[in-house]
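Both complexes below contain chain A, partnered by chain B and then by chain C.
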Partner chain A sequence: MTAWVLGLVLASYAPQQAGSTLLDPAREARVQALGKQLRCPMCQGLSIADSNSSAARAQMDKVRELVASGRTDEEIRGYFTSRYGEWALLEPPATGMNLLVWLLPLLLLLGGAVAIARTIRRPASAPPAPPAKPAEPETDKDRPPPDDPWLEAVRAELRR
Partner chain B sequence: MTRRGLWIGLSLAAVTAVLLFVLAKGFGRDPHEVPFQLRGKPAPDFTLKRLDTGAPVKLSELKGKPLVLNFWASWCGPCKAEHPVVAMAARRFGQEFQFYGVVFEDTEENARAFAGLPDPAFPQLMDERSRMAVDYGVTGVPETYFIDAQGIIREKVAAPLDPRTMMEKLAALKQPAGPVSEVVR
Partner chain C sequence: MTSPLGTALVLGGLLAAAFGAVVGIEGGLRHRAGALRIVLGAVTAFLLCMVGANLVMVYALVTHDFSVHYVSMVGSRATPLVYTVVSLWSALEGSILFWGAILAVYVFGFSRAHRHDPPTNPLLALGTMLAVGVFFSFLIAGPANPFGRVSPVPPDGPGPNPLLQNHILMVVHPPMLYLGYVGMVVPFGIAVAALIRGQLGDAWMATLRRWTLIPWTFLSVGIVLGAWWAYAVLGWGGYWAWDPVENASFLPWLTATAFLHSGMVQERRHTLKLWTVSLSLASFLLTILGTFMTRSGVFNSVHSFTQSEIGPTFLVFLGAVLVVSILLIAVRGPLLVPEGTLGGVASRETSILLNNLLFAALTFTVLLGTVFPLVREAFSGVRISVGAPYFNRMAVPLGIAILFLMGVGPSLPWGRASPETVRRQFLVPAAVGVAVVAVCLAAGLRGGLTLLTFGLAGFAATVTLREMLLPVRVRMREQREPLPQALFRSAARARRRFGGYVVHLGVVMVFVAIAASQSYVVHTTATLKPGERFQLGPYTVQLAGLRNGIEPHRRWTAAEIQVTDGRGRQQALAPRMNFYERSTDPVGSPAIRSAAFEDLYLTLLAFDQATPSASFNAWIFPMVGWIWWSLPLFVFGALFAAWPERRRVRSGATERLPVPNEAPSPGAAA
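What follows is the complex of A and B.
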């Protein structure tokens, strides 16, 4: 029974194939570095170098083939973006609209630093505050009429 | 309001507007949807082996008649549900369109058992190590490409096809194409 269930589960997965033959160490390091930059289409946020999926293995094969054929890193990234757009790159390039995503946090940090610096400096550099004016005595005009029994009662209560 | 207050207010409004724009752009799309950039571009050439006869099939030799390429695998559940739809279309519209299945990440033995050889409704091609699938920007199976008579990719459906969608896509494939984009290599 266990073997049957196991067989059923395994049958629902793609037969795994080994990756293509590794290149010499220097070029293989390039393959792995490029693979780390490219997003696996079948996984959630994983690079094709880190994923075990069959699609990622196929894409790593392609990277290896392109490196072996003498393509530059830029050309290899271009091969994938021409098919999947910038989505294929785990780190979007800092150009066009993407520049906002890179610059905005820096601008906000800079703005915050300026605001904090100004707040800290202000008490030392600001001129001493003028002495507070003594409160103006209440004029008779502001006072309620003396014949208001309720106000008189409250005042009497407060004076206790 | 003082001049300084006005500047602070305007700066905050500008930053908020930019953030809202970026967020709206991001939230406006399905995060699971993988963009497809080959629409309107010439289909990358391929030479694949037929599963039944072993004869090589080249894309360049298929030009002149619209082509439907259906990527599938025997280990893919939705492919099993979709297969009769493609087979029905192949039987019914085989005079007007060419239908080919492309076996993705699978063994020949499994594919033969799945496709009902030696009498398949449409020929199946073996994509060794998924080289052709990567060239076509396949992200999983089932996926179906609709290529016109001039070899231009008109559409890709990255989901199991139902009869209605199949009919709509075939009808669209008969319409004249728009301007062709540059070749992708």
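What follows is the complex of A and C.
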């Protein structure tokens, strides 16, 4: 019984702020979209839209307030970066050194594509490679043409 | 008594591993057949020591021996027995100890499976694996020693991290991931042996592939279970946050998946040897990097344990493995000459090359995004975040391209396809894809990328099913076999092909589930007094009241909810908040109503006992469960593909299996 009372007392330390009042659907959608881009200061990499922590919900209410007062998305992001630094944005803006994180993967893709194209072209320009599949003697007219070597192999095995 | 015994066992393991590593590598380099028996002995001793040390630790945990340092950190008399045993891997030192045991089991398994092989390759591979074992047992004996003695002995301990004793999945998810991570040691050893010898024969390649498939399967299961756990426990409604540690588990999975595909090109066309071997090395390097990221505290994450001393040690090991890998590739790599050529543009091998490019790009992107904040801070002192929006923007196009290739690759033959073949192969699947998009549009679904994903999923699934069922139809028509027999026989004759396609179906399922659950989510928040209700989609959510409870290790407050769905069926749900004695923040437990096509997901945000009232987050996630329901397909497909053939040529009999280069045999097709 004492433990239960103690539990009740301790439980009352739980975050108790009431749930937020949502804006109308159109503006609330903007709030949620913005919230997804902003980092929750207390959590581990979650956005303030995703986190259930009281700090994140307070920040979501701040976003609602700013949206309701007619600020643009850019101004709202600026509001948070001016307080918490660039760190507050979950997506690094593509400027300065951050360009690396955006461009390097694209460079890798391009370089890889070029390398693959060159690898494939080379045997094509070389004298014809030995045929990759043996020509199957076509006897059965009912069968589809023998260009699927896998099915041909299945058939070959069945004939054995 | 337990402390000295545990330490002695770890030191014994260190000695056995060091001895076996030296004898193995030296014996392998000089082709000493007799060395294998000695190494096998060292492997057994290593196994006994590492498993023994783990048993000692479990014993100490279960008997609440708080004189043992690790038990005093994570033990608690109030913790239920199952979570007490599980706390073996709930903190840094214990998880490394557990790691050591799994490593020993893998090395032992490999040594038993290949003890009759020609000894040079197994010697080099076992020597390499045991060298990794030296590092881990050194780590356990020194910087991360869990067996230290505590004096005076505390009467009780804090118990494991509350998040880790909140859900039964915590019992399964970490061991699965460890089995996946640690298992990459085996392909690493095999690949290093191939590089040292400068040759990669077909038999050794088959060994490499099978021993990659095993950890790959565990890693897949571990990752999906982790997503499920995050969804069921963390209460933010998501299952993947691109958290550094999630990324760390994803990276080796990506390279191992790329390996499983490029290995087919190497097997069929005898090219891409060096690239394939490099992927094996990369998978291991990435698991070590992942362990470093998880365990060193450089990242702030839900998974990271407290700051610890092992960071520098790990970094040195990581550097050493990296240098050895690069040296091996640079010096011995050129010896792995291609013995064949690739086919034309429209061919199976080209689509696999593109698949590998996409997987490499995805791996690089995830790695770059994960470490970039550290690099940026080190160079310019600016703290930035690279979070989910970045990863989604980069990974979604790559993922969609991979889904597309999953339909293209299996449709194309090896070598070269005539335009006629291409047209015939693609007509029906492409039509199915278009039809799927049309049906979705007619059903009112919108969103370009989402519909594209659905369409490509229809395309890839059609191709996969056709490839699985065509041989069945041939058997039924031409041999008059009944359906079950035809199905069973064609699957059993081409295990790897069939198993691979089953996994592909699982992957299609995951793609569809991710796209649907991300795109068509419905969300609201509300504050209710008892008797009040709100509507979300077809569901009416009504608060009945608040209830408090006490368990030995925690207290909780639950909101009692009555949910009525569109058809009037009622169900009680109780999202709650748990309060652990030594944790200041409450840990929420969401309540989930799962149905075949959607989940209703409720979390308790706040409550007031006086009014009383409670605030909720409520979501509808379409199809989210399909992500974890794909698990049976992954496991069955991988097991089916990896299961040893009954009439297999003893791999000890010949170094090079007679795999015909030209005429494809069904058994080697996938």
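The rule is short, and it goes like this: the second predicted complex is superposed on the first by the 110 of 160 C-alpha atoms of A that agree within 3 Å, B and C clash if a C-alpha of one lies under 4 Å from a C-alpha of the other, contacts with A are read in each partner's own complex, and residues count from 1 in each chain.
Everything that follows uses one rule, which is that a contact is a pair of C-beta atoms (placed from the backbone, for glycine too) under 8 Å apart; a residue touches a chain by one contact, two chains touch by 3 or more.
The structure displayed is predicted, hence computed values, not measured ones.
Of the two partner chains, neither chain B nor chain C is touched by A:94.
Using the contact criterion defined above for the overlaid structures, shared-chain residue A:85 touches chain B and also reaches chain C.
In the superposed model, more residues of chain A are touched by C than by the other of chain B and chain C. Within the superposed three-chain model, A:108 lies in touch with chain B and with chain C [touch as defined at top]. Of the two partner chains placed by superposition, only chain C is touched by A:37; chain B is not. Contacts of A:61 after superposition on the shared chain: chain B is touched, whereas chain C is not. Touching of chain A by both chain B and chain C, each in its own complex, is seen for residues 11-12, 14-15, 17, 20, 54, 85, 87, 97, 100-101, 104, 108. Within the complex formed with chain B, the chain A residues making contact are 11-15, 17, 20, 41-42, 54-55, 58-59, 61-62, 65, 79, 81-85, 87, 97, 100-101, 104, 107-108, 111. Interface of chain C with chain A (complex): residues 235-238, 241-244, 300-302, 341-345, 350, 353-354, 357, 360-361, 364-365, 368-369, 372, 376, 379-380, 382-390, 393-394, 413-418, 420-421, 467, 470-471, 474-475, 478-479, 490, 493, 497, 523-527, 548, 550, 555, 557, 577, 579, 585-586, 588, 603, 605-609, 613, 615-617, 662-666, 669. Every residue of chain B that touches chain A in the complex is listed here, in rising order: 11, 15, 18-19, 22, 25, 34-38, 73, 75, 77, 105-107, 110, 129-131, 133-140, 184-185.
Of all residues in chain A, only 3-4, 7-8, 10-12, 14-20, 22, 32, 36-37, 39, 44-47, 50-54, 57, 85-92, 97-98, 100-101, 104-105, 108-109, 112-113, 116, 119-120, 123-124, 126, 129-134, 147-151, 153-158 touch chain C in the complex they form.
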